[in-house]
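Encoded as structure tokens, here's the structure I'll be asking about.
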Amino acid sequence: MIASAAFDILLCLLIVTVAVGSVAARDLFGAVALYIVYGLLLAIGWVRLGAVDVGLAEGAIGAGLTGVLLLGAAARLKAAPDPPRLRIVPLLLCLAVSLGLGAAVLSLSVPQPGLVPLVQENLAASGVGNPVTAVLLNFRGWDTLVESVVLVVALVGVWALAPDDLWDGRPGAAQRVKRDAVLNTFGRLLPPVGLMVGIYIVWIGAYAPGGAFQAGTVLAAVWLLAIMAGVAEPPPVRRPLWRALLVLGPAVFLLAGLHGTLWGAFMSFAPAKAKTMIMAIEFTLTLSIAVTLAMLVLGRPRRPA
Amino acid sequence: MTDLLYVAALVILANVAVSAWRVLHGPARADRIMGAQLIGTSGVALLVLLYLIHGSSGVLDLALLLALLAAFAAVGYVKSRSADGAGDPEVAGGEDP
Amino acid sequence: MTATLVYGLAGSVLVGVGLYGFAVRRHLLRQILAFNIIGSGLFLLFGALARRTPDGTSDPVPQAMIITGIVVAFAATALAEALAERYQELTGRTALEEDSKPAPPDEQESELRG
Amino acid sequence: MIADAVTVLLIGAGLFFFVAGTVGFVRFPDVHSRLHALTKADNLGLGLVVLGAALQAPDAATVLKLVLVWLLTLAAAATVAQLLARSALEDGAP
């Protein structure tokens, strides 16, 4: 009991210290390196909160995609001198915000059943055994549908920043890699394992922690590694097949939702068909999320197709 | 048994804290990425211990995921060292083989 | 209950830390990082409060919302990074202009020409 | 009962290597010796922890998963050690 509390307290202290370090670090590179560590520690924190689904999402994004995105950004952006200075007024204001939130936590920490009973009651009709997946794809499917569209919109925003002559070019730089050397070999070794883990995570999401977002992020990360290792080449952004892949998941989701209209309401699944529909959405959404997230990390087109 | 596992987890957490100090202070950039890599390995070990404590197989899946992605930050780092983000320390002078 | 308290308080502190970084740091990438710290602090706060069920299971509804939140925050980060890069290309700067101090006229003109 | 004792012993031995690796990482004088301390000791430590956990595994699938965890970390460490060592050389480390 004491050891368990000590672990939580030490982990939280570490998380907060690393965050402070990331904000206070003298140089940009140090701030980014600490931020990567921060994401990793948060994933462990989510496990301690009994939210393994969230831990999987945070781990895949924090350990996989954020590192590549932010280290690339830190290299491309000039590191202008920005010495840490202590500003008293903002410090006091932020302290007040933290104290207010802390007081709210203290006053709210009385046992509350929340929405657990409601979810448990309807879980059998949702088509899946993992309550988080049931909420994501059935009870609050609206949120997830709109979110999957938001990802594509963000990608369109990134692509729109390309200069005119590269409007439909290829994202990312041409990778210089020594063939059959260490990185190249690693890039050929990892994708099969990554594909297996990705499929496992989306498949197990039906009744245990996992699902489309976590699996999509894993696949995106593995694809990016293959690109960086010179094993795969990102497609030009105008290639129709890839554009179709980007919207496949949201489109299937929307069609499933419209199909629900026949049964009464948009986005409602009949219990008998729910499992099939949710799995169809999950697998196509995984593909779309993987392609979208990887393209987001690669950024706008940088070279001709 | 559980208490011993927690003690082991605390030892690894202390390791993480020490490595985080290296990430903050460097001195070389490679040191900082190494520190992040060490924290990744420690994180996997922590999750294996937490799997034994909680007994939920999802925790082990997270360990598997972190192990799969363990090299990402470091590969992203060596790539970001060149101006165009495409370099590789294995290619001498940056020319194509 | 301990977990709710410990992680909830950590989340509260993280929001303050991120806000401070967002207010004080000028470099755009540092501001993006600080903004993400605010976000993850709020997620942690939300997740901790989801844990206060009598039997200790975590409420799945906040969990699902946090997962969507994490993925959207990542997409927003990628978009913000691309904007910062383009901003640097056009203006040569990596920090936004202070509101109280307008740029000298000749500099403004060169910005308009892009 | 015996399995529990062996698990505790293996995890204890694993912790020893973790601590040794971290001490080397903090105390060694230059990038390459730090890299050397880190990529070997820690992965041996993780291997021992994984072995200890495997003794408690309820089924073969869990053992397989644990072994995969270790193999993936080893492959990552080997790759990263190569790349970081070369990058430090390019940066002019001794």
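Should a chain be cited, it is by its letter among A, B, C and D, assigned in written order, with residues numbered from 1 in that chain.
Methods note: a residue touches a chain if its C-beta (ideal position, glycine included) is under 8 Å from a C-beta of that chain, and two chains touch if they have at least 3 such contacts.
Keep in mind it's a predicted model, so treat the numbers as computed, not measured.
Between chain B and chain C, the least number of touching-chain steps is 2.
Common neighbours of chain A and chain B (chains touching each): D.
Placing every chain at the mean of its C-alpha atoms, the farthest one from chain C is found to be D.
Averaging C-alpha coordinates per chain places the centre of chain B 11 Å away from that of chain D. One finds 27 Å separating the Cα centroids of chain A and chain D.
Inter-chain spacing, taken between the CA centroids of chain C and chain D, is 34 Å. Computed centre separation for the pair chain A/chain C is 15 angstrom, with centres defined by C-alpha atoms. Each of residues 4, 48, 53, 65, 69, 74, 76, 182-183, 186, 190, 193, 214 in chain A touches at least two other chains. Among all residues of chain B, those that touch two or more other chains are 29, 33, 35, 40, 57, 61, 64, 68, 70-71, 75, 77-78, 81, 90.
Residue positions of chain D with contacts to 2 or more other chains are 68, 72, 75-76, 79, 82-83. If each chain is drawn as a node and touching chains are joined, the picture fits none of the line, ring, star or complete shapes. Taken together, the chains touch in the following pairs: A-B, A-C, A-D, B-D.
Residue ranges on chain A touching chain D, taken from their complex, read 182-183, 186, 189-190, 193.
Residues 1, 4-5, 8, 11-12, 15, 18-19, 21-22, 28-31, 33-35, 37-38, 40-42, 44-45, 48-49, 51-52, 57, 60-61, 63-64, 67-68, 70-71, 74-75, 77-78, 81, 89-90 of chain B are the ones touching chain D in the complex. Note for the complex: chain D touches chain A at residues 68, 72, 75-76, 78-79, 82-83.
Listing the residues of chain A that touch chain C in their complex gives 4-5, 8-9, 12, 15-16, 19-20, 22-23, 28, 31-32, 35, 38, 42, 45-46, 48-51, 53-54, 57-58, 61, 65-66, 69-70, 73-74, 76-80, 82, 85, 87, 90-91, 93-95, 97-99, 101-102, 104-106, 108-116, 119, 131-132, 134-136, 139-140, 143-144, 147, 150-151, 154-155, 157-158, 161, 211, 213-214, 217, 289, 292-293, 296-297, 299-300. Residues of chain C that touch chain A in their complex: 1-21, 23-30, 33-34, 36-37, 40-41, 43-45, 47-54, 56-68, 70-72, 74-79, 81-86, 88, 93-95.
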